[in-house]
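Structure in structure tokens, see below.
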Amino acid sequence: MTSPVVARMKQKRMADLISLGKRLDERGLTDYREAQIEIGVIEKAEGSARVRLGKTEVLVGIKIGLGEPFSDVPNQGVLTVNAELVPLASPTFEPGPPGEDAIELARVVDRGIRESKAIDLEKLCITPGKKVFIVFIDLYVLNYDGNLIDASALAALAALLNTKVFNYEVKEGEVQIKPGYKSLPIRNYPIAVTFAKINDKLVVDPCLEEEQVMETRLTMTIEKDEKVCALQKSGKGYFRIQQILEAAKIARQKAAELRKLVVKK
Amino acid sequence: MPKKKVKKVVNKENIRHDGRKLSELRPIKLEVGILGNADGSAYIEQGKNKILAGVYGPKEVHPKHLALPDRSRLRCRYHMAPFSVQERKSPAPSRRDIELSKVIREAFEPSVFTEYYPKTSIDIFIEVLQADGGTRCASITAASLALADAGIPLRDLVSACAAGKVDGRIVLDLNDKEDKEGEADLPLAYMSNLNAITLLQMDGMLTSEEFEQAINLALEGCNQIYQLQKEALKAKYVEVKETMNEGADEQ
Amino acid sequence: MPVFYERRQLVTPGDLLADNNYLAGENTFKENGKIYATHTGLVNYENRNIYVMALRSFYAPLVGDTVIGKVVEVILSGWIIDVKAPYLAMLRASDVLERSFRPQIDDLPSMFDVGDIIIAKIVASDRTRGPLLTVREPGLGKITRGQITEITPTKIPRLIGKKGSMITTIKKEVGCQILVGQNGLVLVSGKSPKDERLAIMAIHKIEREAHTSGLTDRVAEMIKTEKHEKTEVRRKDAQEKSQKSG
């Protein structure tokens, strides 16, 4: 990550503005940056989406594979989420195996999808205990300007919604691929909403500058019926309980707004 | 396939499968200063969890480029012994271990006066010897004692406890079975005196009422654990206090 | 103006010690007008100053302390010394040479080399760099004989005792020299390794039992018994030998 020392001047200016209910880029405390979603951007992937949240840009590609189920859930397909903070996205990203930030990003996005049961994994079972579909979700960060979690979760959901699973038949225990596709069975729409705590106030969708001065961060993932399905506090500071309950209220509103951008009914 | 009869984890009388009430902690045993080489150490047993925490520092950072100019670098390694779970776990750190190491470290950042010792490191090592659900919380409870034992200045002890939802009810301190079969798990770390939540995670599904209820229950659990932590620290020194008072009389 | 604990009461980190109107002393901090403990220890007040005597702490360098340390690195213009503090200490070549250092002619390893133990005094220390040492005083410099042992720095006052009573007792009873570094390292040098071992035994007994009363007498007692037993054994051995040969 960038130099841990942030200019005091910048810190003060941002804190002063926030205590007035304003932000450097003139957003309100609970406003998201403009979100743009493109789907089907990678033809070779079974599903894909590219999300721009302000200057933050994440590409998600979904591949469908065949494999064995986990022994404790033999009748369910497998979901795996991986994140790459590729070096072209920021001068602070370095090549190499995923660091703790990438792993946390992937696991928080994974938790939202898994816990809301967004994918009907039982429908991805081919032969119980032997063959199931594996859904590989790869989060590819292309430009880093803060709030990777929300952008990635949004892109992952958009990509899942346009993911196709190939048709198949089982002949003598062998899975054979047939022409044609079906949609991936999706039954929930988790949306991640991230708050930064700056000067003891909460702001949603922190940009990079705000992330650099924030004390700490909280991500709440909200599913379609407004239940909380994943939480992650991240960063050095702390929250008071009132702040968390307040965040939960705001998160429900924001999740509903963002969901409309992805789920077209 | 014949459908297996689902055995409830919590029965009609609101008694859990291990005999606990809904808002009851597992038995907790804490010991402070049990390792020879570490600057500070502690051991926790919480139900079947058995966890060791050791702290080294503040000391010069290696490698040197990791030194922070304005504060001490906290580092944390959460690690599970291969024999700590039913099926042998590879000793290589998993993605879960890496994430937990990060959030545990961040749970201690508000507690430690890192600004007192710029350019040094404080290393927290956590070894889960046996795991039975809620290990991240038990690890935090123990590691906080290890930090205090190392004589590192702290704003407050950090206590941690999970609440969750099992068989439709909000319960405290989930064990492995409840975590796996339950509907939600919400681990939380808390500095009681300063009213600060330093770790908060959740997986599962909770309505807004359940969510608020779970947070409050977890906080209650933390407060109970906080008292146990204080007792454990004092137990080691209670003799000291008595005899030092005697010493003062002599003088 | 409430105070929440009595004098010498045991507290743990985070305990609320006092409201406003008090000054936050050692091992405490003030937040929103309230004073809390940062360490496990005993509370005490002096006028409006409230502080905690920590029961466990690591060595925090203080200007004027005499410390014992090990040379761990010879650098261009001096030595890096490990004094068991959060920071490595530095001894400048100019301090030893008593003039400015000339790299062409001055050979630092011939003065102090890696692994040498030195006794030194801290002349400067702040939290942004390691402590600076001097050996330019009588009694300071390289240590060439004796043994080093280590105890918790918080127990040093007990080892020294009231007006040096404890340390004098060991020196007298064992018959050896003891130099105490404020950083918890103690140098013991006696006539024989046996004497040194006995003194080290006594020092660790003090560390273990620092909180008990009547310790000085018990230490003296222990040394006497140990010495006596050993001379007895030696005498017996000698007798047996002479009997056999005779």
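For reference, chains read A, B and C in written order, and residue numbers begin at 1 within each chain.
Following the convention adopted for this analysis, a contact is a pair of C-beta atoms (placed from the backbone, for glycine too) under 8 Å apart; a residue touches a chain by one contact, two chains touch by 3 or more.
The shown structure was predicted, so the numbers you read here are calculated from the model rather than taken from an experiment.
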By mean Cα position, the chain sitting nearest the middle: B
Maximum centroid distance from chain B, chain identifier (CA atoms): C
Chain A and chain B: spacing of chain centres that average the CA atoms, whole Å: 27
Between chain B and chain C, centroid-to-centroid distance (C-alpha), Å: 34
Centre-to-centre distance between chain C and chain A (centres being mean Cα positions), rounded to whole Å: 54
Residues of chain B whose C-beta touches two or more other chains: 191, 194
Footprint of chain C on chain B - complex, ascending: 33, 39-40, 57-60, 113, 116-120, 148-157, 191-194, 229-230, 233-234, 237-241, 243-248, 250-251
Touching residues (chain side chain B, partner chain A) in the complex: 68-70, 95-96, 98-99, 101-103, 106, 109-110, 186, 191, 194-208, 211-212, 215-216, 219
Residues of chain A that touch chain B when the two form their complex: 4-5, 100, 103-104, 106-107, 111, 114-116, 216, 218, 223, 226-241, 244-245, 248-249, 252
Sites on chain C touched by chain B in the complex: 8-10, 12-16, 27, 29, 31, 36, 38-40, 42, 54-58, 86-88, 127-128, 154, 162, 211-213
